[in-house]
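In the two complexes that follow, subunit A is the common piece, with subunit B as its partner first and subunit C second.
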Partner chain A sequence: MFVHLYQYRLKTIIRSKEEFFWILLFPILLGTFFYVAFSNISKSTENFSTIPVAVALDDEDTFFQSYLDALSGDASSILEITYTDDEEAEQLLKNEKVTGIITSQNGEVTLTISQSGIYQSILKEIVDGYIQSYDVIHSVDLSDNSKLELVLSKLSSNQDYIRNLDFTNGNTDIFVDYYYSLIAMACLFAAFSGQSCADGILANLSPQGMRKCLSPVHRMTMILADITASCTFPIIANVAVIIYLSYILKVNLGGSMPLIFATSVLGTIIGVTVGLCVGSIYKIKKEAKIGLLSALSLFSSFLSGLMVGGIKYDIEKHAPFINKLNPATVITDALYSLNIYDTYEKYITCMIILAVMSVVLCMISYFMIRREYYADL
Partner chain B sequence: MQTFKTYFRISKKYLQGFFIYVPIFFVIMMLMVNQQTEKTETKFSTSSIKISIFDHDHSTLSKSLADYLGEHHKLIDIKEDMDTIRDEIYQRNIDYILVIPEGYENYINACAQSPSAENTDSFTNDANTTDDRMLVTYKIPNSRFAAFADSQINKYMKIYSTYISAGADREEAATKTISTMSEETTVTIQASEKEAISYVHIFYTYMTYILISVVTLCISPILILFNENKIKSRLNVSSVSPLKINLQLALASLIYTFGITLLFILTSFVLFKDEMVFDKTILRIANAAVYALICLSLTFLLATCLAKQNMLSAIVNLIGLGQSFICGVFVDRALMSKVVLAFGRVFPAYWYVNIEEELNKYKHITDFTDSSRHTVIYGFIIEILFAVILFMIGLVINKNKKN
Partner chain C sequence: MSKKSNHVNSNSADLDSKTSVIIVENLVKRYKELIALDHFNLDIKEGEIFGLLGPNGSGKTTTINCILALLKYDKGTIKVLGKEMKPDSYDLKRNIGVVMQNVAVFDELTVYENIDYFCGLYIKDKSTKKQYVEDAINFVDLDKFRKFYPKKLSGGLLRRLNIACGIVHKPKLIFMDEPTVAVDPQSRNNILEGIVKLNEQGATIVYTSHYMEEVEQICTRISIMDKGKNITIGSAPELKKMIKNTETISIELLDIPEAVLEKIKNINHIYKTEYIDNTLKLYFSGGRHNLINVLDLLKKEDLHFGQVYSQLPTLNDVFLELTGKELRD
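Presenting the complex of A and B:
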């Protein structure tokens, strides 16, 4: 009987176009839009790239020229230099072809830019470096020839005094947060499936419910078969969404794939149980339930950062308990922990919170559904 | 004008939806406008980033280095544990973390004071060295903010160790380094012609998303109702000719659409009265009106094809969100890849935003260059074509359905 009921419920879900759209197609399409919109942003707002600069020098200033040349030349250099005259340099700056103009006339070096910014500050650092080297030479007692050589060699060397350590092995692009929220949203959209499941069980909500109430099947078997089927499709759909994001769009979600899938499975179960719980409230109309569920899942995803990135970090500072109670944030936190940390403590905590939430929601819906009698329908 | 009147009588029933959508959209729009603020500047100011320093050395050198960085950047105290470091850097609360290991000053001094050749080599030029006596940093890989701090710290250390090599003692070297680092280039700002970000421009750009959603969601339920079989049959047996009925429906829809558009335009007048320039405003209104027409044609097409409101709102959501992402409404076009923008041409929002961007470039229409004029004219032509084509497709489908 279980298999029979399971099969039919699954068929109903797959044939319902709306559920198919919201649970599978909508997250895939929204993911594609995110990909299209965000794939270039980090590159143009955060990553370092060679700074184009126009240089107009006196003929005599070969020292300065060799100082600048040492910083340019290949693709990984700091500067990309265009040697030119004052007029053309100004034109280049005006057309935003270069970040700044470095000029040297009669030994005086100046920097011209069109606005303040990080690249302009780096340019200033570089030009300052030249002036400061002169200052060092002037303020050191150079009567000893070997000392002069030492100072010059020190000043002209490009030693690195810094050892850089990676703070994580995961993906450090903050835009990956949007994809986490998207996965959380897809999980919570499984609520529609849970709601239609409750609809099909309760006799006062649908003709199918009435028919089922009359059948001589144990309530528990019926409910379990329906819930299992309601979870099956969204789980498959959400795994498909993750596969689409990471293998077709090649978004680096960070962390190990099986654990990401596990998070999505538990997240989907949360979604279904939320739907089941809301669906079991028999005093609310079906349309209102759908409205309530879409509002709930979108608001929950909003708080986890679907529309405004980083909002959950602000909430964490002011009201951390909201983050612990909001299922979408817990799902994104689990995915974040997989990406950033090298231990699994925080991930396991998130998974336990999700498991407890779904058990509690399941119990609530069970108590609402069980032993329901109707005087008339 | 019975149909015309009925249209508005029905629309009253759906006004509830209108009153929910419009305020929500106004709030979203205002949030979006407020988010995009930019200051104009006349004086150069060096960028300041967020740095955390863990000083284990507590020496003259480490203190003077920390003071120097503190003077130029914002120092933030955090707990020194790896998970906190991970959280803070990932969340961009901190751009750069510097760890000064114990005995660093002694190590640097020893290197700088011994015979030159050997010791300069003791520093590798390789940032991946495993020498744990060196400064350690944590940062977002390949970040331009970190590159700035790297270059400052490297320069500071280079100057300090040069002074030590030249025979200065620790105190002297630290003081001299600070004084040398204060030598600065004169920086001049060449006033760029780029104007300050215009709120009107942002408002009208975001209107692409708002208009398509509001117009479609308000008008489609009415059209779907008129398309219902029973009502259609009743209308067909009436004495009024189908042409008249359709004309009345079209007129009512047009009035409703322009009413909604007018509401948004009036809002822009109220909010940004001082920023509005007469000739540009006329073009903006025209652009919004033509775009509203496209929205109406799309509504007509969708209401003809789909009988269910739920499916229709799903599709409208998709088109609205999709074109806003692809055509540069939500994300600045300068940050988007060219391939995506080229793909955006198939959506009406692309042409709407094109006109809007041209309008934003100049103070008055009279300043337009030839190419700007062409962009605007082409934009309008393509927008009108969109409206006509969508409407025609709707008509053809409608006709076939009847047959």
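Presenting the complex of A and C:
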């Protein structure tokens, strides 16, 4: 029975023009468009060397200075530091002589950047790392010797972490962010498949759903088969989109392919379940649901940087929780961290967030779909 | 057509001896404030083609959806094939076929695939399934269209596909909710003949419609519904006997003097006259030679008249007399 239901549901999705277009063709078209657009404006992609940065410090902040010294100067230097005052620093940033300005006043360290991109985010990583350690130091009673040791070990591991960032294998092309957002968008467009799945399962949404409800097939079997099929097509389609991007357009997505696929699979499941949830709302018309879902997916991808690159860094500054809750941003963060970090800590965090999101959404959609009696038809 | 008279003649007298397939008692269903079913009762016996006749919004679809355990209802009991019907009564559902008021097929699947899909929900065995699908295709005469997608089918063919999907698993009990809505007369007759054929093959059928001719043509018994209530139940001839009217004579007349009208009113068995739009309508209750009596009188008065015709009572007259309004709006 499962196979019978699964096969036919899959057939229905693949033959549905709208779903086929939005889930498979549209991301491929947009990817091609990006490719053409970026190759026209792409500067020669230099490999990572050091990040030029202007630093304006209080005289007193020797602790921060030594932190910076550790990151520049020696063989594995990350930063190329120009010590200067605020005004000149701004001039340097304006003329793109430096990537960012780090200032420290009365123990408060700030980073100023004028663009977004991979160098900028590394700078941010460095400054954040410092601020965190600094806070730890100040919140701990330093007279307690054992605690002091703990703090010191934390601080040094933090530095190792930054030093261990792998800058050579990753794709430092700033345009790669757009492709990440594109992949996120493709994942979320799987919502269309979820919507049509809900439509075909619920008796109050379609006469087909009603007929299915009247059959002697166990409700659970029906739901599982239809949802599995509704995930299958977009998962395959999104893997195809990624293959198209990286092997045909030869976009270097950076990071291991299986992990990129894994991210896209989780993202797609989120897309499908969002579609199921919205799709099973009784009060909204079908056309309105499709409109709502495309708006949601596009807005989510927009916030992750699909149209305006780097928007997520601005959001991080003002409302960081949005970045943690927005599936498209978490997907792009996961892909991004695969690209630039050698360690998987950040990637795993992103994947856990995605997994939690999909479990929650799965549960919500299950409760919305499993009902058997209707008050209205 | 011989089949038709067969059905209509079967009497409700010996019904008590037959087993009940559906029993509905005191069913109440509300949509918010609106009372869609108001203490509705039904007792449908095995082998019947049972008609639910009522104007739009009288509660026919609601009744069927409650019986099928799709809709929650507020009060009452429903038994189907001797058992209480619940959403997970899978063993009951196996024996039930439903043809919905709205066409319920998948646009992305062909005629054959649609029928095969729905058959597969009921029949596991592959070769049986194949045979059943072929039977259904032949039954609705869609053999030439098996590779067509629903969008390419005309309205009548689409309705036939809808029927095939509902009956492909050869159910014992079939619900048909206005299966002929928006269908041309030719297809409609095909469909009606098909329904009678299904009944002859042993299925009990619950048929709803607001077309009285259809219901009269095929149903063994009819429940007339209005505003969620059962107004009366019986075979078509029985229902017609319930009312006063036995014949209505209509005469086209350009003008009629008051004196003549008074004389006409005195003809035997007339109980009501109406003169609207140059047509004189005379309502009779009983009497055998009403038309001749009327024509004799008109000749004697030397009145020139156009068309004259006589009508026997229809279910519409039954409905009109019982509710005070027309069945059709």
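The rule is simple: the second predicted complex is superposed on the first by the 246 of 377 C-alpha atoms of A that agree within 3 Å, B and C clash if a C-alpha of one lies under 4 Å from a C-alpha of the other, contacts with A are read in each partner's own complex, and residues count from 1 in each chain.
Assume a residue touches a chain if its C-beta (ideal position, glycine included) is under 8 Å from a C-beta of that chain, and two chains touch if they have at least 3 such contacts.
Model, not experiment: these values are computed from the prediction.
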First, second, both or neither for A:Leu296, with subunit B first and subunit C second: neither
First (subunit B), second (subunit C), both or neither touched by A:Arg211: second
Contacts of A:Ala37 with subunit B and subunit C, given as first, second, both or neither: first
Partner chain(s) touched by A:His4 [first = subunit B, second = subunit C, both, neither]: second
Subunit B versus subunit C as contact partner of A:Leu224, first or second or both or neither: neither
Subunit B versus subunit C as contact partner of A:Ser116, first or second or both or neither: first
Parts of subunit A lying in touch with subunit C, wherever the complex brings them together: 1, 4-5, 8, 11-13, 15-16, 200, 203, 206-208, 210-219, 372-377
Complex interface listing, subunit C residues touching subunit A: 31, 65, 68-72, 87-88, 90-91, 93-94, 96, 98, 100, 102-106, 108-109, 113, 117-118, 120-122, 124, 165-166
Residue ranges of subunit A touching subunit B (in the complex, touch as defined): 17-18, 21-22, 26, 29-30, 33-34, 36-41, 44-49, 78, 90, 93-94, 101, 109-122, 124-129, 131-132, 135-136, 139-142, 147, 150-151, 153-155, 157-168, 172, 174, 310, 313, 340-341, 346
Subunit B to subunit A touching residues, read off their complex: 41, 44-47, 49, 82-83, 85-87, 89-93, 97, 116, 120, 123-132, 134-148, 150-155, 157-159, 161-163, 165-168, 176, 179-181, 183-194, 310-311, 314, 318, 321-322, 325-326, 330-331, 334-337, 340
